[in-house]
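Okay, so subunit A shows up in both of these, paired with subunit B first and subunit C after.
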Partner chain A sequence: MSVTKRYAFAAAAAVLLIGLTFVIPSFASYQLATVCAYLCGIAGLTLLTGAGGQLSLGQAALMAAGAYSYALTANTMADAGTEGPLLLLVPLAAAVTGAAVLGLVIGLAAGRLHGPYLAGFTMALVVALPAVTSTFSSVLGGDQGLWITVEKRPASLRGTVSTEAWQAWLAVVCSVLVLTLLANLLHGRFGRHLRAVRDNPVAAALAGIDPARTKVTAFFISSAAAGMGGGLLAYTTQSASPGAYSLVFSLFLLMAAVVGGIGSLAGAVWGAVLLVALPHLISTATSRLELSADLAQRLDGNLAVAVFGLVLIVVVLLAPQGIQGLLDRIGRRLGPTRSVSVPPKSPTSPDSPDSAPSPASSTPTRLSARHEPEQLPATPKGQ
Partner chain B sequence: MIRSKLRLGTAVLAAATLGLASCASPDEGGEAAAEDVPGITDTTVTVGTHQPLTGPAAAGYSTISPATKAYFDYVNDNGGVNGRTIEYIVKDDGYNPANTQTAVREMVLQDEVFALVGGLGTPPHSAVLDFVNDNEVPDLFVASGSPTWNQPEDYPYTYGFMVDYPTESRILATYAQEEFPDKTYCFFGQDDDFGEEFQGGLEAVLGEDGLADVQVYSTANTDIAAQISSMKEAGCEVNFLATINGFSAQAVGTAAKLGYFPQWMASSAGGDFNTLSGYLGENTNKLLQGFVSANYLPGYSDTEDEWTAKFSEINEEYNAGAPFDGNTIFGMSIGYLFVEALKEAGETPTRESLLEALESGNVTGNGHAPLGFGDDSHRGYTGAMLTRVDNGVQSYFGTPYVVSGDEVQEYTEERPAMPADGLPE
Partner chain C sequence: MDRFLFLTFDGLARGAVLAAFALSLVLIWRAARIVNFAQGAMAVAATYIAFTVTALTGSYWAGLAAALVAGFLIGAVVERGVMRFVGNSSALNPVIAGLGLLMLIQAVLGMLFGNSYRTMVTPFSSNPVEIFGITVFSSYDLFVFACIAVLVGGLVLLFTRTPLGLRLRASAFAPDLARLLGVRTSRMLTLGWAMSSALGALAALLVIPTELGLNPHAADAVFVYAFTVAVIGGLDSPAGAVLGGLAVGVLLSWVSGYWGATLAPIAILVLLLAVLLIRPGGIFSMTKERTV
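Let's look at the complex of A and B:
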C-alpha cells in the first residue's frame, strides 16, 4: 500500500518536473539535469553516510567510474555502428554497473574501516583519479578526458524539444527511479539493518544481522546510485574528464548532503539544488555589481567556495539536521495541532521526538535524521 | 509515510521554484533586437569567451581576456562598430572542461551571446564544440593551436586563430634541420592532442625515428624532473617543447637544476618571454638565452612595429598599464580580428553574415603569415616566424614561413598595414 503510494508520488514528481521543462528556459533545463545527476550521487551518500554511518569522501570517484564506464561503452558501441535507444540505455546500465562493481571492491576493503580511516581511504580514491587517468591515458584520455558519442534526442522531438529539455527528462526519470529505489530500501528490511548496524554493530550482530555484509551492501548500493549520477553527467556534458570529479566536488557532495539534511532523501534534494543554484546565484549577483576587473577576477570561482563554507558552518551550528530538519522543526512549531499520525491504526498518537517509533510504523528517513548528529560521531565507539 | 512523502514533495517543489528563480534571465525586457539576432541590439553586440582566470593555466593566460577587453573598450570609445558597442562577457572555467560546459551554456542559452570569441584551450573548448555548433553560434578564433577547429564540414561555426600545432612544429623542425644539423632531437609535450599533433608534425619533417627521446607530462602533475632527467640521459641536444607557458618554464628551470642546458624550441603557445620570466625569476636572462619559439603576431618588444606601438598605447590607457607582453598582443589581436570581421559583416550583422565575412577572405588580421579562412578552410594563421631570446629580449629573425600540406615555404608578401588608429575600416 505505502509502496504503491510511493510509486504514485514518484510518478507525479517525474511528470511535474518534466512538465516544468516546457516552461523554463533551456539553460534552466540544463541546470535541472545537473541537479538530478548530482542528486543521484548525494542520495547515495544519504544512504551510506546518513543511514549507514560510513563517512565517505570518495563519492566523486564513484561518479567518475560511472562517467568513464558510460564513455567507454558508448564510444565502443558507436564505433560498432550501434544507434537508437540502445546507445543510450546500455551505456547508462554500464555506468551503474561499473560504479557498483568498483563500489563493491572498495566496500570489501572499506567494510573493515570506520570513522577517519574510512574517510581517508575514500578520499585517496578521489585524489588518485587524475593519476589513474594519466597513467592509462591511451584508454582514459588523460587530463583531457574522453569525448563521448551520445545518442541525441529522438528525431520526432527535434524542433519541439530542446536538447537541454531532453537531457533534463532523462535525468529526471533516472533520478526519480534512483530515489524511489533508495526510499524503498531505506524503508524496508535493509534500511532497518543498516541503521541497526550503524547504531550498535554488536547488538545488530546479536540480533542476527551480519554487520560486514550490511556495510558492503550499503557501499555497493551507494556506488550504483553514484554511477547513475556519473552516467547522467557524462551524457549531458558529452565528456568524462578527471577535472569534473575533483576532490573539491567530492567534498561538495558530502557538504550538500549535510546541508540538505543528512539521513533524509528530501535533504538530498535540497543539497543537490543548492549545489547548482548557489554558485549560479553568486556569479549572477557579482556580475551585476560594478566591481573592478581585478576584484571580479579574484571573486570568480572563489566566492562560491567561501559561501559554501559559511553555509556549512551556519547550518551545522544552527540547524544540525540540515535544511530538511529545520523545515520539519518549523513545521512542527507552526502546526502543533496537526498531530501527524504515522501509523494508520493509532491516529491520535502525537509525533513527539521522545516517542520511540517502531521501525514499521515510523518514517525511517526522519528517524535517522533525528539520530544522526549524535549517532554519527558515536559510531566508532561501538566497534 | 504520508508525511515523509509530503516532505519530499515540498522539497521537490520548493527546489524547483528556487531553481526557476535562480535562472530568471537578467536581461528580460531589454532593447528590442535588430531582426531578432541573438546578442545584437541597435546599440550593442554581446560576445562571450571562456578563459582560465583561475586554476593551473591561469598564471600563463589570465591576462589575455583583459587585453581583449581593453581593445574592445578602445573601439567602443571610438564609436563602436556601426554604432554598436561591444559587450564582452568573460567566464572563468579554470581550464576545466566540466566548468567550460556550464559557462558556455550559460552564455549561449541565457546571456544569448552573438558569438564566442577566443575561447581558450584545447581540452576546455573541445568539450563545447558540438554544443556551439548544434546551437549555430559563431565560434570564432579559438585560442588553441589544435587543427580540430578547422573542420568546416563538421563544425561550420568554428574558426581557428592560432597557427596550428602541425604547422608550427614543421616550421621549427625545418629550421632545426638547417641550423642544428646532426644534433640529437628530442621532444617534451603535453599528454593530449597538443602534444600528439606537435609530435606528428616534427616526425613528418625529421622522420619516424627523428626524435631520440619523447617525454610527456600531465598538467595535473607539476613535477617533471623524471622526464627532464631522461632527456638529459638520452643525450638530447635540441629539445622541442609542446608545452603551455607554465611547463615551458618548468622544463627550462628543471633542466638548469640538473646542470643541463640544451637548445629549446618551443611552440608559440608556451614561448612568451615575459610570461616565462614571471615563472623563472631573476635568472631568466641566463636561462632563456638562445630560446627559440614560433610566433606570428607583432612582437611585443619590437617598438618599431606600428601594431605594437598602438597596442601598447591602448594597454596604457584601457588596461591600467598592465605588463605588456605576448599575451597582451594576443588578446588585442583577437579583439582586432573580431572587430574587423564584424565591420565586414555589414550594417546589421547576423550570424550568417559574420561567417560570410570570414569566408570572403577580406578579413586579414595582423599576423606575419596570412589567415587561412575561406570556403573550405577555417584554419587560422597558416604560418609563423621564429623568435630568439638574446640578452633578455625576444625578437623575430629571418622570414616568415607558411606551410601547406607537408611543405614549408618562405612567405614573402607584406603583412597588412595597420589601418588608421588601429581601427578596422
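Let's look at the complex of A and C:
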C-alpha cells in the first residue's frame, strides 16, 4: 500500500468508526474507546516483538507510565486553573513523552538483551510496579492510584454527543494516528533495518546498520505508543492505579499481539478487538446461565484468562502467524491478484534492496512473517 | 547486631527456597534450553494439590508427598503435551508458550479454588528460637533447609553418581551423540522436566506458608526472584543457582528488614539489571557460549 493509500485508508477508518458511535449504544462506544487505547499498546508491541524480535512483558508498565504522566500533568494543570482543549492535549503529550523517556531508559539497558533474558527483565519491571507506586505513594497515590481531573467534551457537543462517544472519538483519532505512524515506520527504512537486525544482527551490522541503536529506537517508539494507550486509558477511566497495569494485563497485550498475527498491524487490531470482546461475551454468557454467585465470581475474569492462555498456546503451536496470517492465506487462495485491504504482511519482501545482503531467509524467526512463496512474482519455473 | 544476624539467617532460609526454585529453572534450561515461564504456575498448581490432600487427610506429610508427585506429573505432562511441539526455531516461541501455560494454569486454579488467599499450615512453628541469646532460626526454617538439602543432595548424587544421571547429562549436552549411543533422549527430556517441576513444587510448598498465603498468583514474584537468581548464577550452573539463591535471599532480607518490604521487588530489578549489564554470563558461569 502506498503512503497516500495508507493515509486515505486511515482517514476512512477514522470516519467510519466515528460514524459508528452515532449508531451503537454508549456502552459500546466506551468499549470502542478501550479497544483503541489497547490497540496503541498492542501496536507498539507488534513493532517491538514482531518486527524487532524483542519480547517485552513490560508494555503494561509503560502504559502505566503513560497513565501516571497523564494523571500528574492533568491534575497539576487543573489545580492551576487551566481549562479547555489544553487540559486534554498537554496531558496526552505528557503521557507519550513520559512513557517514551522511560522506554528509552529501559531500552538503553534492555537493548542488549534478547529472548528469555529480556522477557525476564521486563517481567521483573512489571512485578516491581506496585512497589514503585507504594514507595512514592505521596506522588503516585500508592495502591489506590490517582483520580484524574479530565477535560470533558466541548460545550458545543453537549446534548448531542454522549461522554462515551466523545471518548471513543478521541481514542479513535489517537489510535489511527499511532497506527499510521507505526505503519509508515514499519514499511520504511526503519522497519527494514529493524527486521534485518532481528533476523541476523551480524549481517545487519555488516550492511551498515547499528543493531544496538535500532533496538533502542524500537523500544523508544514502542514505549511512546504504549504511552498514548496509557494516556487514553487514563482519560476514559479517569484514574491511574497499579492494579490496572498488572502482569496479567501485560500478558493480555502480548496475547493480543501474538493472536492477531505478530508483526502485522492488522493483526494488532484483531488482537485488541478480541481482548475487549471475548471477556464481554463470556461474562454475558455466564450471566445468562444463572449460576450461583460463588461460581459466577470464580468464572468471572478467570474463564477469559483461561481461554486467552489456551488460544496463545494453540496459536504458537499451530498457527504462528495468527488470525491475520490465516486471513492472508485465505485471501491468496481466493485469487492470486486480489489485493488485501490491509497493510501488506510480508515485511522483508524480496524486492526491498536493503534486505538483500541479509541471509535472513535461511534462518527465519518462526513467529514472524516470512517470505511467502505465494507472494513472489509468478515466474515460470522449469519443469 | 542482633537484628543483622537475625535478618541474615532469615535471609538464608528464604534464599534456600529461592535456590531450589532457581535450580529447577536451571535444570530445564540445561535439558531443553528453555526458560520455563510457567514454572511458577506449575509449582502453585502442585501446591494446591498438596493443600487439598492435607485438608482431606489431615497430614502435612501426605500433602508434601502429593506436591512432589503432582509436580513430577505436571512437569511430564507439560513437556509431552506442549513444550515438545513448540520447537526451538525461535527463542520467543517457548517463552510465549510458557506464558500461555502460565495464564491457563492460573485461570484454571482460580476457577477451581477461587482467587482468595488461603492460609497453609506448617508442620513446625515459624517463630524464631533463641540460641546463645540470639534469635536466629525458627524450627520451620530448619525444616526448609533440611528438605532442600536432602532434595538438592539427592539430585547431585543422581546426576553425578548414577547411570541414569549420566544419561540425563549426555542427553542435555550432546543429544545427537547420546541418541546414537542408545540413550532414549526424548524420555530423558521428559524426566528432566518432571524432576525440575517436582523441585519447583517443593520450593513453592515451602515458601508459600511464609508469605501471604496460597493464591493462584502466589508464585509470580517468587518466579521473578528465582529467574534473577538463575541469571546471576549463570543459567546453566546448578552450583551458581544455589549460591546465588542464598546470596539473593540474604540481600532481600536486608533490604526488607532495613528499608521496608515494598522495596524488595525494586532491589531485585536493580540487581537483575546490574548483572545483565555488567556480567551477562552470570557470576558463576563457566561457559562462554551464551549470548545475551
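Quick note on the criterion: the second predicted complex is superposed on the first by the 336 of 383 C-alpha atoms of A that agree within 3 Å, B and C clash if a C-alpha of one lies under 4 Å from a C-alpha of the other, contacts with A are read in each partner's own complex, and residues count from 1 in each chain.
The working rule: a contact is a pair of C-beta atoms (placed from the backbone, for glycine too) under 8 Å apart; a residue touches a chain by one contact, two chains touch by 3 or more.
Keep in mind the model is a prediction, meaning the values are calculated, not measured.
Chemist: Is A:A109 touching anything from subunit B or subunit C once the two structures are fitted on A? First, second, both or neither.
Modeler: A:A109 contacts subunit C only, not subunit B.
Chemist: Is A:L89 touching the first partner subunit B, the second partner subunit C, both, or neither of them?
Modeler: Neither partner.
Chemist: Report the partner of subunit A that touches more of its residues: subunit B or subunit C.
Modeler: Higher number of touched subunit A residues: B.
Chemist: May I ask you to decide whether A:D328 touches subunit B, subunit C, both, or neither, giving the answer as first, second, both or neither?
Modeler: In the superposition, A:D328 contacts subunit B only.
Chemist: Taking the superposition on A as described, I'd like to know which of subunit B and subunit C A:W147 touches: first, second, both or neither.
Modeler: In the superposition, A:W147 contacts subunit B only.
Chemist: Can A:N302 be said to touch subunit B (first), subunit C (second), both, or neither?
Modeler: In the superposed model, A:N302 contacts both subunit B and subunit C.
Chemist: First (subunit B), second (subunit C), both or neither: which does A:V202 touch?
Modeler: In the superposed model, A:V202 contacts neither subunit B nor subunit C.
Chemist: First (subunit B), second (subunit C), both or neither: which does A:A11 touch?
Modeler: neither
Chemist: Looking at the overlay, what does A:A285 touch: subunit B (first), subunit C (second), both, or neither?
Modeler: A:A285: touches no partner chain.
Chemist: Answer with first, second, both or neither: which of subunit B and subunit C does A:V276 touch in the superposed model?
Modeler: A:V276 sits against subunit B, while subunit C stays out of touch.
Chemist: Indicate the residue numbers of subunit A shared between its subunit B interface and its subunit C interface, in ascending order.
Modeler: 130-131, 134, 297, 301-302, 365-366
Chemist: In the complex, go through subunit B and note every residue touching subunit A.
Modeler: The touching residues are 1-5, 7-13, 15-16, 18-20, 22-23, 25-26, 53-54, 62, 66, 69, 92, 94-99, 101-102, 105-106, 109-110, 122-123, 126-127, 130-131, 134, 191-193, 218-221.
Chemist: Quick check: in the complex, which residue numbers of subunit A touch subunit C?
Modeler: Checking each residue of subunit A against subunit C gives 49, 53, 55, 57, 109, 112-117, 119-121, 123-125, 127-128, 130-132, 134-135, 247-248, 251, 254-255, 258, 294, 297-299, 301-306, 308-313, 316-317, 320, 365-368.
Chemist: If we count contacts the way the header does, which residues on subunit A are in touch with subunit B in the complex?
Modeler: Subunit A reaches subunit B through residues 2, 5-6, 9, 13, 16-17, 20, 24-28, 30-32, 34-35, 130-131, 134, 137, 141-145, 147, 163-164, 183, 187, 237-239, 241-244, 246, 264-267, 269-270, 272-273, 276-277, 280-281, 284, 288, 293, 297, 300-302, 324, 327-328, 340, 342, 351, 363, 365-366.
Chemist: Subunit A touches which residues of subunit C in the complex?
Modeler: Per the touch definition, subunit C meets subunit A at residues 34-35, 37, 82, 85-87, 89-97, 99-108, 110-112, 114-115, 217, 220-221, 223-224, 227-228, 231, 262-266, 268-269, 272-273, 276-277, 280, 291-292.
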